[in-house]
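Below: a set of structures, written as structure tokens.
You will see two complexes here that share chain A, one where it goes with chain B and one where it goes with chain C.
Up next is the complex of A and B:
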């Protein structure tokens, strides 16, 4: 079983790589296109996968992955279990701030098949944040793409003074303890 | 489709003119229109039918179906094909276009008369989707059928459910209220009981609350236990007349009525969608309630006063009582006739709020009224209605609401305006924010949501942290600079609202606020302090994430401008200094406005601390003063750094703050910067060199290369005057208050 390592490769100059994992190809494709449409001063590589592990044969040409986004479709149990299975193939060092969950479809509460709490719990288990969004709506997709790009820049080390680890601890400190209180 | 829209036009015009409450002529015109409305409506409908008779075959088939249902023999077997065919037609049309009041009335009668089998009645009831309104007569005749007992329990139940769902569509609610006794009697029936409770909850007025009814309800409670619907009803009774209901009831029951997805809601929203089409792309926000024309009034009428409700009954009453007694007449003043403030003052004792409580939001006169009545029931009704509406219309909770985001925005805006008017947040709105912020994408209705956040009332910070600040912070960190700025803006507004509330509390201690006063001063102080610390943390992080953006800094300093003045201006014993991450970033900023702002803030801190200290010495202050020697020490460190930086050029030696810019001379020598000591004084400071340059150009226009070293001695004074003349008022205040010129002049001159 090959795991995806966070620091296994050297970073490439002026570029950042994001990996979208999810079962809904249309959403993945749309989101990827939206991300690429955003104006950036660095090169963005997007890799799409429906599950992990990634095929080993092309591993040598694949750049270092800076951020993995797990797209959970709240309306499909399959997508959830698929993500759960994929998470096993991710090296622990990734969870130091280079993973995030994207929950889609939470807006259709009557059609929901996974509990919101289950997703929150999963994310908590893997120390990663969850973003809620409806990808069908273009404006929200753009807003989500911008949020992901911000995280990507930090994860790829393009934001001076902020590392992926410090960022994830920020996101968590707003979740858990009261560290920001004097 | 077209027909429906046209038939409605007079009504639309009516609502729009009504919304201009102060315009009497408009009111008269609309009153005229109201009387003529029915005829007109019929007329336009007839016209439409004659013009497009062939174009609308569906309409004909509906009429055919209706006449069949009318003529068909009783107990026609279910399998009768003709019956089935006509039923399908009715269903189809009802679901697609909805039914006119007369059609609705007819079908309701058929369904409840038990003419056909129960299955048919159920089918008919489930398809009673109105296009415009439901007349009170329909309800009355329906109730009379129930009295005859021709229909089964299940049908009765379904009828009650329908009535609850359609309550907002019913005209002349006064007439429905007249049936109060009947609905009350339905409480006996165990199966109908919860629905009867809900109906009663909707129609109860103060005059309905009678001792014998209270007794009955208490009996029921003893028999059935604390059922939520019954409790809600009792609570409403208690609100109307507390002296009759002596038992204690839980005041904060959440959702009292189960409002499961009923079959009509879907149909209504479908029709609504079809009629409005796509919402107008960018509607400039209109100031009044006038809806964009593409919208159909009846679906958006929640905020409009139900103008026609009491019209007929009221005129009858006034005729009768005109010569008898004015007091009898003053039983209830119809709110839709309320046009002017003097009118409000005259009738304030006998106003009864409309059945559509939401209409209060858009009516400033009624908001005045709500503001001064001590009656809790208004708030309770508002709470229930608003909570329900927010839950159901929220676009990121229900994806099918997405096309109506504009409407929702408008709704949120209206709530916000009402909150500004009342200077108070609605608790249902607070709950909504707590519940929905974790799922918010940070995009939909952004400015409205952030505006509503500002009216979240003060409560213990630990509660607010998990519900409000946690999701907000997560969004904050991943969102754009502009989002961050607006979050600071709204947190600033929130702080202001809290402080203003505190000021009001100390000024007036009315009975209304008695329960709120329980939050003691120390609780308030610690909550405010926690909020300030939270913002301090947030701003430190945001500045490092956004590369010390000057734009962001303005918003942060705006916040601290209020914080610095909390003691003197808002009379709250609290002084909190900004964190080093904010202070030093502002001090060393490239932007002169930021520096000036910081100078002003430090000047205010000084004034506050001095006055606090004086009061402390005079023992005038309250005990829980949240101001320690640590704050003073921090202030002193900051002020030393600032003076050392801008004036005496010894910041690298004298700065003792642990996060400050103290540096050893050896390290500084290694940088090979010439004259590093002076590099942050008012001449060389990156935010001020521009001024120094302009000053030199003005003073010595012949010199091409500005020589900054010339600014000393008398020129230093002139330069200072020059800076003051450039609107750097904060700097002026700071230098004049915090720097003792006389003693330091010699020192500064030698240091140059």
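Up next is the complex of A and C:
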């Protein structure tokens, strides 16, 4: 079982790498394109995967990953269980602020097959924030892309004075998640 | 300061900056080496929260200590570098400010145009209102005249026309009846004389008169429109009226007739 290490490689100059994990390729592509359309002064690498672990044979050409986004499609039980299985292959250091869950399709309540609470609970279990996003809507997609980019900058250490850990601690305290502990 | 000396200074500054960068990169590499020695910690699948929270606590404490110990980093003290940096920042600021200025100008212009357009629109609306007010006044004056005088006169003239027309029709009908259904003249009377002496003293009435009496009875006494036939009615004309469905005989009393209900 190969685990994705958080600090296995040296960072590359003026660039940041984001990994999108999810079963819906169309959504991944859309989100990736939206992220790349945002104007940035640093180079953004986007890696797409449908599950973890990542194939080991291409490990040497893969840059250090700064932020993992687990995309949970609320309309598919398969996507949820897939993410649950993938989480095991992640280095514990990633959960110090370099992991984020992205719940898609939660807006159409009659079509969801996973409860919103289940996702919130999962994220709480792994001490990571959840973003909700309807990827079909362009404006929301752009806003989500901007949020992810801002998180990515922090996670890659491009914001002086803020670390991923302190940022995620800030985000957690604003969620007020004690209701899911029961 | 000559040009060549300036170039020399710049070269020196570059060199110095590169050296500093190299130093920082070496530090990064050292840290990386230490990190790779650390073993990768996997998350327990059953209850990851506790271990993760412990991990977080450790990391946060470490970060806290780091911040406590840390002294603010000072960028290089080389004056040339500082000047270049300051220039660069000022230029960027200048560029940003210029952009803001142009945006504000554009916005101002647009707002002015909007204002003008709105004012024009307001004026037009005002004119429209004035115009409508005026027409309303005119119309309201006219309406009064219309309702009182004109309508009355029109009705009057219409009525006169209709009356004249009615008169005309009646005259025409009367003429027609007089012309085509005359009283049996001398020879008729003579015949009657020969046939029966009892009818001599009876003065026969014209078809015109028969019709008139039928119509009058129908109009005046609609509940009982029957007219009793007496000797003054010439029987061929009665027969004619009955045969062509102009008059009807009473169902029980054959001596009484009435006008057909043409208006039904």
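In this section, the second predicted complex is superposed on the first by the 174 of 182 C-alpha atoms of A that agree within 3 Å, B and C clash if a C-alpha of one lies under 4 Å from a C-alpha of the other, contacts with A are read in each partner's own complex, and residues count from 1 in each chain.
Here is the rule we use: contacts are C-beta pairs under 8 Å (C-beta built on N, C-alpha and C of every residue); 3 or more make two chains touch, one makes a residue touch a chain.
Since we're looking at a predicted model, the values are computed, not measured.
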Three-chain arrangement built on chain A, chain B and chain C clash or fit: fit
Inter-centroid angle chain B-chain A-chain C after superposition on A [Cα, multiple of 10°]: 30
Comparison of chain B and chain C by chain A residues contacted: B
Contacts of A:87 with chain B and chain C, given as first, second, both or neither: second
Which of chain B and chain C A:167 touches, first, second, both or neither: first
Chain B versus chain C as contact partner of A:125, first or second or both or neither: second
Chain B versus chain C as contact partner of A:151, first or second or both or neither: first
A:159 touches, of chain B and chain C: first, second, both or neither? first
First (chain B), second (chain C), both or neither touched by A:95: second
Chain B and chain C, minimum CA distance [Å, superposed model]: 9
Intersection of the chain A residues that touch chain B with those that touch chain C: none
In the complex, chain A residues that touch chain B: 105-110, 116, 129, 131-134, 136-137, 139-140, 143-144, 146-147, 150-151, 159-162, 167, 170-171, 174-175, 178, 180-182
List of chain B residues in touch with chain A within their complex: 261, 395-400, 402, 438-444, 462, 465, 469-470, 473-474, 477-480, 530, 533-534, 536-538, 541, 544-545, 547
Chain C-facing residues of chain A, complex: 1, 3, 5, 7-11, 87-93, 95-96, 124-127, 163, 165-166, 169
List of chain C residues in touch with chain A within their complex: 28-29, 32, 35-36, 38, 40-43, 45, 47-49, 51-53, 55-56, 59-60, 63
